[in-house]
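Both complexes below contain chain A, partnered by chain B and then by chain C.
What follows is the complex of A and B.
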């Protein structure tokens, strides 16, 4: 029986592992953390339908049950190709052998402290979108707002589309996340105003535009076009933001209870490391480069090494699942073609 | 005393902590589509008054929303209520009703009801 090692236990890795196992392959899923679920396991509710993130992870976990060997807290130390097989050495010193490798090592969030002018890690009331998800989950939202200004700001494109931090690409899902979080904030704190500071609103997905309209129409969320230039703290601990309201052609100053930074995607440490270990190619955005951007999106340039999910660039959950399934089909085709060649 | 021609220039910054947003609230209450403008500018591009004046319905709405209402009286008087903007608006904003409500809000301001 052919066997596949899937590296990364987020949505892409879990979905592809389950599918590969369903197709009858022997699958080992390697995850460096002590639990599965990746980033999505940290989120509270998902766009565009406010569905609990839990549901996705639970469902994926259920499908892995008994069919996939999951190795948690495990990292890949080296990968060697011998006679069409990959010998994968783990940090547990165990060596696994696989007929194909699937990299599903995903992304990291941009470290917000790198945009020092926004004051993350300096001011108490500047948090990231990921922090906010955690706050939503804990139910402690009222404890983190002071009630001084009754206003909350959300900054789009933090670490994305920004040459100053070396990330010129768009992280794609932050826009709609910002709209989703604005709505959630208005629901939870009806007496608060919410402001989204954006450069462009990229509502690319199905129902995203509806969500944007709902944010304006039902929840009165204010959208201010302009990139926040700096945040500071006043004596009361409010966050004071400066931004050009580019549509009014006037600079704007506004005090807020809380400032939320929509940090973008960067390639995860694992993605960079695995790419280096296998000497794969990287795109100009430092994510892994597929063999062909249109036709071979799940192939690396190495035979038997496949790619799925956000290791090849920012993606939504739905897109990641589609991509994971596509990778599974490519792997199946690879095995089938190999069999025909050998027989 | 010599006068050197120096004056204090008008502050260009929108200080959101100080602006008065009562007019925006009034219009929003009477014409909820005031909220859903996406600032595309098709209203201003199609405006027959804008051929001759610097009137921009888009900008008028935005300035009201930001609480900058000093020039509203002068601006809104340029509109001839032809309604072309309402035909082109991709979000279905009831532009004419907004103009009428701006007039009402201004009236209420002068009689201290707003």
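What follows is the complex of A and C.
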């Protein structure tokens, strides 16, 4: 029986592991954290249908049951190819052997403190979208807002499409996340105004535009086209932001109870490290580069090493699942045909 | 406010500041605006800290104000600066210490330009040679004079007589720090603490016992902004910028403002008078203004120098309420005595802003 080692226990790793096991392969899933689920496990509700994130993770976990050997709290230390197989040494000193490797090592969120002007980690009421999901989950939203201004701001493209931080790419899902979170805030705090500060809104997915319209028409969310230049704190502890409203053609200064930063994707430390260990190619965005951007999107340049999910760039959950399944088919084809990718 | 967040940023933006042997470049305008500041810096460096610092009468403007007002082209500016570096080289120094923030920003810009474009440096060397027959070495260390005071802030505190503390209540004074725009905004790594949360003055305030006020318009321009003031018809921008800052800091009830730029203390000091005349508004307690001090004046205050030797009589906003808070004695009758002991006259008192 062919062996596959899947590295990364987020949505891509879990979905691909379950699919590979269903196809009859022996699968080992290696995850550095102490539990599965990746970033989605931290999320509360998902766009575009407000579905609990928990449902996705629970469903994926259920499909792994008994079919996949899961190694939690485990990191890959080295990988070597011998006689068509990969020897993977783990930090537990155990060495696993596999006929194929699937990298599903995902992304990290852009560290918001790098945008120093927004004061994350300095001003008390500046948080990230991920922090807000945690607040939603804890049910403590009202404790977080002071009620001084009854206004909340959401900043788009924090660490994305930003030459200053060296990330020129779009992280794709932040726009719709901002719309989703704005609606959730208006639902939970109807007396609050919610402002989204954006460059342009990229509602690329099915129903995303509907969500954007719903935010405006049903929930009265205000969208201001302009980048926030700086945040600060006034004597009452409110966050004061400066932004240019480029449609009205004038600068704005607004005091808020809470400022939420929609941080984008960056390659995870694991993705960068695995790429270095295997000497894989990286794109200009520092995510892993597939063997061919159109035809071999799940292949790396190395024979038997495949890629799935956000290790090759920002993706939504639905896209990640589709990508994971595509990677599984490529692995099956590889075992069947022993297709060799020539450099 | 989470101080740990700021500390993390401060730790990322530390710079090398030479320990001794500085070539000092004075500012074009500071000796008129706050005339004791540079003298006090030299006194502290030479007499209190025993440092070797060269005060060279031959140096000229760096052209910064004219350069940033689009009056002098960059090639001319670079050649003038090259001459200043040649004076430093000739005097046998390697550590350049400008008094002016605009100069510091301009030197940083020029050195960075030369690093990336050696052909420009070669061209400037040729210009300098053709026009003056001079040659130069680039500074090994470039530190603004406020960087140097920051470096020795704890020694100044140890030697000092006073702290930035209300001597009656024991409470730290609330201090607004204002950093010149050209200090670190262009090159965050060339300033102590970076561009968004500069630490250079905060470090002094902390070391000398004060409490720093972080207010919403902290990063906003003082009001000078070069053409905002130099072009007469633009001066509304200048005073509105200063006013915006005062309105923003007022709720924090600051006891004083400290600056590290030639223009900033001037505009923050003088415009308080103008606003009081135009709007009947003052920003300190009981009709007083908020005293605006340079970091050298503040260091001199901490050292216990006579307030009139620090040039406080040249301030528009009276410093006496601050001296009273700290417990610094002063002779009000000596305020307007010249260095020769003769009375130089009392300026006219404004109608709204209280002066002493």
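Basically, the second predicted complex is superposed on the first by the 338 of 343 C-alpha atoms of A that agree within 3 Å, B and C clash if a C-alpha of one lies under 4 Å from a C-alpha of the other, contacts with A are read in each partner's own complex, and residues count from 1 in each chain.
Note that contacts are C-beta pairs under 8 Å (C-beta built on N, C-alpha and C of every residue); 3 or more make two chains touch, one makes a residue touch a chain.
Bear in mind the structure is a predicted one, so any value in this text is a computation, not a measurement.
Engineer: Could you tell me whether chain B and chain C fit or clash when both sit on chain A in the superposition?
Structural biologist: Fit - chain B and chain C, as placed by superposing on chain A, sit side by side.
Engineer: So, does A:123 touch the first partner chain B, the second partner chain C, both, or neither?
Structural biologist: So A:123 only meets chain C here.
Engineer: Looking at A:276 after the superposition, I want to know if it touches chain B, chain C, both of them or none. Which is it: first, second, both, neither?
Structural biologist: Neither chain B nor chain C is touched by A:276.
Engineer: Applying the touch criterion given at the start, work out whether A:293 contacts chain B, chain C, both or neither, answering first, second, both or neither.
Structural biologist: Neither chain B nor chain C is touched by A:293.
Engineer: Using the superposition on chain A described above, determine whether A:235 touches chain B (first), chain C (second), both, or neither.
Structural biologist: second
Engineer: Tell me which partner A:252 touches in the superposition: chain B (first), chain C (second), both or neither.
Structural biologist: first
Engineer: In the superposed arrangement, does A:113 touch chain B (first), chain C (second), both or neither?
Structural biologist: The answer is second: A:113 touches chain C but not chain B.
Engineer: Quote the smallest CA-to-CA distance from chain B to chain C in the superposed model, rounded to whole Å.
Structural biologist: Across the overlay, chain B reaches chain C at a minimum of 6 Å between C-alpha atoms.
Engineer: Take the contacts of chain A with chain B and those with chain C, and give the residues found in both.
Structural biologist: none
Engineer: Give the list of chain C residues in touch with chain A in this complex.
Structural biologist: 1-2, 4-6, 8-9, 194-197, 214-219, 248, 251-252
Engineer: Residue numbers of chain A touching chain B in their complex, please.
Structural biologist: Chain A residues touching chain B: 149, 151, 213, 216-217, 220, 222, 225, 245, 247-248, 250-255.
Engineer: State the interface residues of chain B toward chain A in the complex, per the touch definition above.
Structural biologist: Residues in contact with chain A: 12-17, 28, 32, 35-36, 38-39, 58-59, 62-63, 65-66, 68, 91.
Engineer: Can you list the chain A residues touching chain C in their complex?
Structural biologist: The contact residues of chain A facing chain C are 113, 116-117, 119-124, 230, 232-235, 240.
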